[in-house]
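Down below is the structure, laid out as structure tokens.
Chain nomenclature is as follows: A, B, C, D, E, F, G, H, I and J, assigned in order of appearance, with residue numbering initiated at 1 for each chain independently.
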Amino acid sequence: MIYLVRMDVNLPADMPAEEAGRIKAVEKEYSQTLQRQGKWAGIWRVVGEYANYSIFDVDSNDELHEILSGLPLFPYMDIEVIPLAKHPSDIR
Amino acid sequence: MIYLVRMDVNLPADMPAEEAGRIKAVEKEYSQTLQRQGKWAGIWRVVGEYANYSIFDVDSNDELHEILSGLPLFPYMDIEVIPLAKHPSDIR
Amino acid sequence: MIYLVRMDVNLPADMPAEEAGRIKAVEKEYSQTLQRQGKWAGIWRVVGEYANYSIFDVDSNDELHEILSGLPLFPYMDIEVIPLAKHPSDIR
Amino acid sequence: MIYLVRMDVNLPADMPAEEAGRIKAVEKEYSQTLQRQGKWAGIWRVVGEYANYSIFDVDSNDELHEILSGLPLFPYMDIEVIPLAKHPSDIR
Amino acid sequence: MIYLVRMDVNLPADMPAEEAGRIKAVEKEYSQTLQRQGKWAGIWRVVGEYANYSIFDVDSNDELHEILSGLPLFPYMDIEVIPLAKHPSDIR
Amino acid sequence: MIYLVRMDVNLPADMPAEEAGRIKAVEKEYSQTLQRQGKWAGIWRVVGEYANYSIFDVDSNDELHEILSGLPLFPYMDIEVIPLAKHPSDIR
Amino acid sequence: MIYLVRMDVNLPADMPAEEAGRIKAVEKEYSQTLQRQGKWAGIWRVVGEYANYSIFDVDSNDELHEILSGLPLFPYMDIEVIPLAKHPSDIR
Amino acid sequence: MIYLVRMDVNLPADMPAEEAGRIKAVEKEYSQTLQRQGKWAGIWRVVGEYANYSIFDVDSNDELHEILSGLPLFPYMDIEVIPLAKHPSDIR
Amino acid sequence: MIYLVRMDVNLPADMPAEEAGRIKAVEKEYSQTLQRQGKWAGIWRVVGEYANYSIFDVDSNDELHEILSGLPLFPYMDIEVIPLAKHPSDIR
Amino acid sequence: MIYLVRMDVNLPADMPAEEAGRIKAVEKEYSQTLQRQGKWAGIWRVVGEYANYSIFDVDSNDELHEILSGLPLFPYMDIEVIPLAKHPSDIR
């Protein structure tokens, strides 16, 4: 089941660079593990913003919430979720 | 080069069903041709709305505008374009 | 899987009363059939508006879109879909 | 009398984890007591957000405000209240 | 139970003056009957707009919706309902 | 002359409880003095929010601004003012 | 008493040019009479829009509403009214 | 003096193609004359929309309004004007 | 050349009263000097808000930006600028 | 390939003046280097705001994101990117 997700990251201005770097490294690994499992089916940077659009392919609303709320950057993110369905013109 | 595009379709209430059907058929063919060329890289229906989110993979802003303004449904659409860049966590 | 859905109805001012009545009757039957199946788990009128909030319990994004786009009033509705997950404080 | 309520939680970034944990525990008990009384008739997590949609079944606007303003997390919440009425298609 | 209600009226530009006059007369009588019953507790014109803010004092969400949806101008109105509670500083 | 006023209160999270209590006590007295003078003609709590809707009956824009800017909570409030006029359907 | 007023004009696309011209001429005379009386204290065109910002100097909310709702173009306008007070830095 | 201007064009759905074509041709000539005079200093299509962003270099607010309100498509446009000043980092 | 300008002031909650008083005094003098020069042609308080609407009469966009960015309160303000032109109904 | 970019700068109120000055100096040099390369094709101050509108002429979405995310002020900016295409009326 497919969802489009937009994530905007807002790190506190006073977070030490070292801590920010550590969180981002864990975030990257978390994301790449899910990409390899096929659950995080796509991720792109929004040009000019500290934000991304992602495609998720998961089994349920609950699984998606578990994944998103487990993101290391979750406390610093605004997240918008748009449920998607198969389009009649899709050739795949 | 990747773009996320949202298209909302608003057909006039008084458009004859036959004309609407004809335009949608041409639209479908137009979309599928571009999908087969790899330029229209993904298309999904927004759940509950006469709208879609699509991924385009084209060479330039100008090529994208040419494709979108050539859509048979273009006069009846609100279109939003979001330019995307490679994300550092992307494994592909 | 649970979704909150808001539907705002905008019938054209020039739709004959008879046609409006007929569509609403079919809409009511359509809704009640789905309520009896347990898929349309709740429906309430928004006070002061020709709109409703509903709870749907379906198997997938695709099933929900099929249900919503099949509504007799679908061409006259603005629909917003919010995917929901189990809340940790829920006692059920 | 039925109300749809959306609650968005914004804990201060500098709240100690222990204090946050304690407030959330009291909040959970507060919510579950009201759920057992039938006043808090439903609660769901909004996918991807630290927020919930809830259904309340209370006797008056005043009772609802008393319940909501008594929430342990009330000082950290944005709350939206939508009064609902019986829908003519409701089969219950 | 108290509610603040804002009503914005949008009569179709092509409604004959006679019909508009007739509807407004019925609307006025409908409003004044409810004012005399104490249910429509206050009504004021928004300066510069074809709109009003009103205070209603009714027994339930359902009664308020019955009143509002029965307004002769209801099909031509945008209505916003804000449920109110007793304020601790109120001297009445 | 009548005005509808909405006030949203945002106390800083780090204001000591004692200071908050003191300001609120002065605010209450300030409000009740004006209510007894007939200038603050009505006040209601917005359900679920630290906010109120109030009706003011004053002689001029300047008098209203003097009253509002003199509120002890003024530095912590967002205030919206809507000038009202007599409604032709008003029976009073 | 001073008010800032913004008026946006939206004439129907199918209004005959002659009728539009006639209404605008009456509107101009109506405006200039009030300007000569000192009640319509200023009027400026918003660059690039069929809209104006105006300053009114009237005795009450009711007088302002009477003036605005009497505008020949009133049925085709969106009007926003902002009540103003004397500014402590004003040298006049 | 520099201004950024965004123009969104909304031609009525029932405008005959011939009339639309004629207006667009006059519009193009009008624009190109001003471009040659250096007053319309830049024009770009917004990707995916029937809209443009333009740079104007004119002597005054009044001259800009005269130019914009003289556009053949003016009655069908939403126009937004943003006044610009020299930027301290500008190398020109 | 005429501009309408709205300024909203947001002083930090922790700015010492003495510093705030000093800045406001300099601001007042700055404003009154420009009023006496005829450049700051009008200033009014927005009722209920720490904000003003002002009319400026200056020679260019650049002069207006120089004036506004030189305001002692500029770092604490949200400013909106609306360029105005002569209105055909203006009698002056 | 052309893009319109709006940048709003929000420096923290407690950033030492010396640090702010240093960042702005680096920012200016960064911008002017790109202007000399022809990639940053235009930059203007928004009148009354700490913001700019800029025109970029780059080879791809990725190059634009690299440039923008490399801005010394990037962590303190809200950035909006609008992809542009050649306009049929453009004489260049």
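One rule holds in what follows: a residue touches a chain if its C-beta (ideal position, glycine included) is under 8 Å from a C-beta of that chain, and two chains touch if they have at least 3 such contacts.
These figures come from a predicted structure and were not determined experimentally.
> If you walk from chain to touching chain, how few steps can bring you from subunit A to subunit D?
Steps on the shortest route: 1.
> With chain centres set to the mean of the C-alpha atoms, which chain is at the far end from subunit C?
Following the centroid criterion, the farthest chain would be I.
> How big is the rotation, 0 to 180°, that puts the C-alpha atoms of subunit B on those of subunit G, in steps of 5?
The C-alpha superposition of subunit B onto subunit G needs 145 degrees.
> Let me have the rounded angstrom distance from the C-alpha centre of subunit H over to the C-alpha centre of subunit J, please.
Spacing between the chain centres: roughly 23 Å.
> Approximately how many whole Å separate the CA-defined centres of subunit B and subunit I?
46
> Two-or-more-chain contact residues of subunit A, please, as numbers and ranges.
2, 45, 47, 61, 64-65, 81, 83-86, in rising order.
> Pull out all the chain pairs that touch, please.
A-B, A-C, A-D, A-J, B-C, B-H, B-J, C-D, C-E, D-E, D-F, E-F, E-G, F-G, F-I, G-H, G-I, H-I, H-J, I-J
> Help me check something: in the complex, which residues belonging to subunit F touch subunit E?
Residues of subunit F touching subunit E: 2, 4, 27-28, 31-32, 35-36, 42-47, 52-53, 55, 82-91.
> Residue numbers of subunit F touching subunit D in their complex, please.
13, 45, 47-50
> Write out the stretch or stretches of subunit F touching subunit I in their complex.
Those in contact with subunit I are residues 5, 12, 61, 64-65, 68-69, 75, 79-81.
> Which residues of subunit B touch subunit J once you look at their complex with the stated criterion?
1-3, 60-62, 64-66, 81, 83-86
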